[in-house]
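Below are two complexes that have subunit A in common, paired first with subunit B and then with subunit C.
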Partner chain A sequence: MTDFPAVHPEPVPVLALGDILLVTLRGDLYDGAAEQLQYDITQRIANSPVPVGGVVIDLSGVEIVDSFLGRILAEIAASARLLATRTILAGMRPAVAITLVELGLTLPGLDTALDIDRALALLGRAPSVVRPATAEEGA
Partner chain B sequence: MHAPLTPTTRLPIGSDADLAWLRQHVRQCAADLGFGLVQQTKLVTAASELARNTLVHGGGGHVEITTPADGARRGLRLSFVDNGPGIRDVDLALTDGYTTGGGLGMGLSGAKRLVQDFVLDTRPGLGTTVTITEWVSGFPAPRPGVR
Partner chain C sequence: MYVVEQDTAPEVAEQLSEFLKRRREQIAHRWADAALFSNVFTVSRDEAVEAGRAVAEALAEVARSGRLEDIEAPGFDMVRDQLGRMTSARTQSGYTPSQIAREVAGLRAPVAALLRAEFDDPADEGMHACLVQLTVLMGTLRLVVMETTINAGEELIARQRQQLLEVATPVIELWEGVVAVPLIGTLDSSRSQIVMESLLEAIVERRARYAILDITGVPTVDSLVAQHLMKTVAAARLMGAECIVSGIRPAIAQTIVHLGIDLGSILTRAGLADALAYALTQQGIAVSARPTAGADSR
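Moving on to the complex of A and B:
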């Protein structure tokens, strides 16, 4: 009973939700796509017409984080910080957390949250702002 | 050691697409053998680190995958083979934080910590083979001295 995760050689989309940038990583990421994402996020922060209130990276669909992806995530957070924006990693799986600790990558300085709602709360945003439950409720 | 139950599978390591395919293949094999989720995750992560070393430091190579049996125990064994420059100072290369490739220097040392059995064979100028073996435990990897 194993389902193959999808492999995504293509770029990862960076979504804007209000002034928050949301990135959802899924399945397996090519090294090149991870490096492209690092560039895309910093460009989006630098070129945004309004100050970016934070970057949330949803890892709930990611099955492994190795030292390469760990370094990319840490560098995204570090460059976002230099551009006056916080980055929160959301939804890391327990098996991934255990593996990262044994690997020796505890990523100090990276903010984490158990899920996207809590990540938004850390950034001072109400989750409902980015969750249009019904069309009528929106805005 | 008994003979492998299945023939050796050989996959190339020559691009980051190969790394992604290898991770999927290893996860599938580990799941089929009955590894738990944490054990699967550790093994795939170790495989990813070693495959990237083969690609970046060894100039590419291949991985050989076998499923050895030891009595009733079944395992998964991965050998990462390259014909690159080899590792001059193995102790140094296995030190946390030591890097020649622009990474965090956790690849080799981290991979060693993630698996039950780790063997590094390197000859300067002739290449490097790293072989890791993980046995189905159903529990977190047993560690001497813990509890």
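Moving on to the complex of A and C:
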């Protein structure tokens, strides 16, 4: 825990999927990177040429969320709402959810989804997977 | 815990150790007929003799170290292993610890008789000292056996408790995307923790949108358990599933209100059926009675 990286950690990439911003968090997120992410997302929303339809933050690759990251996530959602955009947390693991609840961070006002697919569906975008049942009916 | 026996003369302990070592064959043969050894090793007497020899040797080891009253003495490790298996066999056949202790006490008489035979003069001072030491040693042995018995019992109870917790919290899939935990019996803190964990795991596994927590079978909750239920609901929401609590009894509802716990954010339904109906309706699934053939003909 004491050996902080000498160089700044890689910033988390914010991908634009149509009018949706997709952020995939992986592994440990350093505090600096989390703050940078918050800045990046708000900038992207504000400077986007088309209105941003929503922000999806994928947490499925995250093992540990501390109170700091929990607060940052809540702040990202709050500032996104001020910029007229919804934020959806997707793919939170049970252990992470339990930790956040134990910390008292229930993240009210934040939308959640089981995975990115459902997050996109929540934002009114069609799910990418065609269900096999529908295909059978058509045949 | 370990009190040094002040009047333990090292040479007496040494003498006792020598005796136990020298006579271990005879001791083992006599023990093989004792209740503790003979009843457990029903397969063959040789096995009983073998076990008796090992125990006698271990006792000699303890006597040589001079720690006659110390149940932590290194020599007893061997005894623990050997007698532990025997006593657990006895416990499983329904013996109480005191009965086992009595059987262990029965081991002393044959050894004492052998020891007495070593000396020509029945009023020998050395013999008396030796007998006292032997009694002390056998008393310690009894303690060691008791400790092993109790430990084995505790391990069994802990294991069963764990199994009970796992068995008592089944997560079932009521519909595609709807999982439920029907809880029956008293909830305590550790059980509600397991409920939370297994429900969240099931949400991931079954990709469930709705999780129903049915507490129809729960007679009472305390504030800690109520908090746990709230946490479960909050955690399920964080994972992107909606949690519905159903079957809250009037008494529990009153408790929750008395405790001042805010249920405002929590979705509740009267029964499991209502909760399922809600989950289905939310998913756009309508359940209607299908006209049967009999109804058609009318």
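The definition used in the following text is that the second predicted complex is superposed on the first by the 120 of 139 C-alpha atoms of A that agree within 3 Å, B and C clash if a C-alpha of one lies under 4 Å from a C-alpha of the other, contacts with A are read in each partner's own complex, and residues count from 1 in each chain.
As a working rule, a residue touches a chain if its C-beta (ideal position, glycine included) is under 8 Å from a C-beta of that chain, and two chains touch if they have at least 3 such contacts.
From a predicted model like this one, the values you see are computed outputs, not experimental measurements.
When the two complexes are overlaid on their common chain A, residue A:Ile41 makes contact with neither subunit B nor subunit C. Within the superposed three-chain model, A:Thr106 lies in touch with subunit C and out of touch with subunit B [touch as defined at top].
Within the superposed three-chain model, A:Val52 lies out of touch with both subunit B and subunit C [touch as defined at top]. Considering which of subunit B and subunit C touches more of subunit A, the answer is B. Applying the stated contact rule after C-alpha superposition, one finds that A:Ile98 touches each of subunit B and subunit C. Touch criterion met: A:Ala90 reaches subunit C, while subunit B stays clear of it.
Of the two partner chains placed around the shared chain by superposition, neither subunit B nor subunit C is touched by A:Val62. Contacts of A:Leu22 after superposition on the shared chain: neither subunit B nor subunit C is touched. After overlaying the two complexes on the shared chain, residue contacts for A:Leu114 are found with subunit C alone; subunit B is out of touch. Shared contact residues on subunit A (touching subunit B in one structure, subunit C in the other): 93-94, 96, 98, 102. Interface residues of subunit A facing subunit B in the complex, by the touch rule stated above, are 1-2, 4-5, 7, 9, 28-32, 63-68, 70-71, 93-96, 98-99, 102-105. Within the complex, the subunit B residues that touch subunit A are 16-17, 19-21, 23-24, 27-28, 31-32, 37-38, 40-42, 44-45, 48-49, 52, 96, 103-104, 106-107, 109-111, 113-114. Subunit A contributes residues 89-94, 96-98, 100-102, 106-108, 112-115, 118-119 to its touches with subunit C in the complex.
On subunit C, the positions that touch subunit A within their shared complex are 196-197, 200-201, 203-204, 207-209, 231, 234-241, 265.
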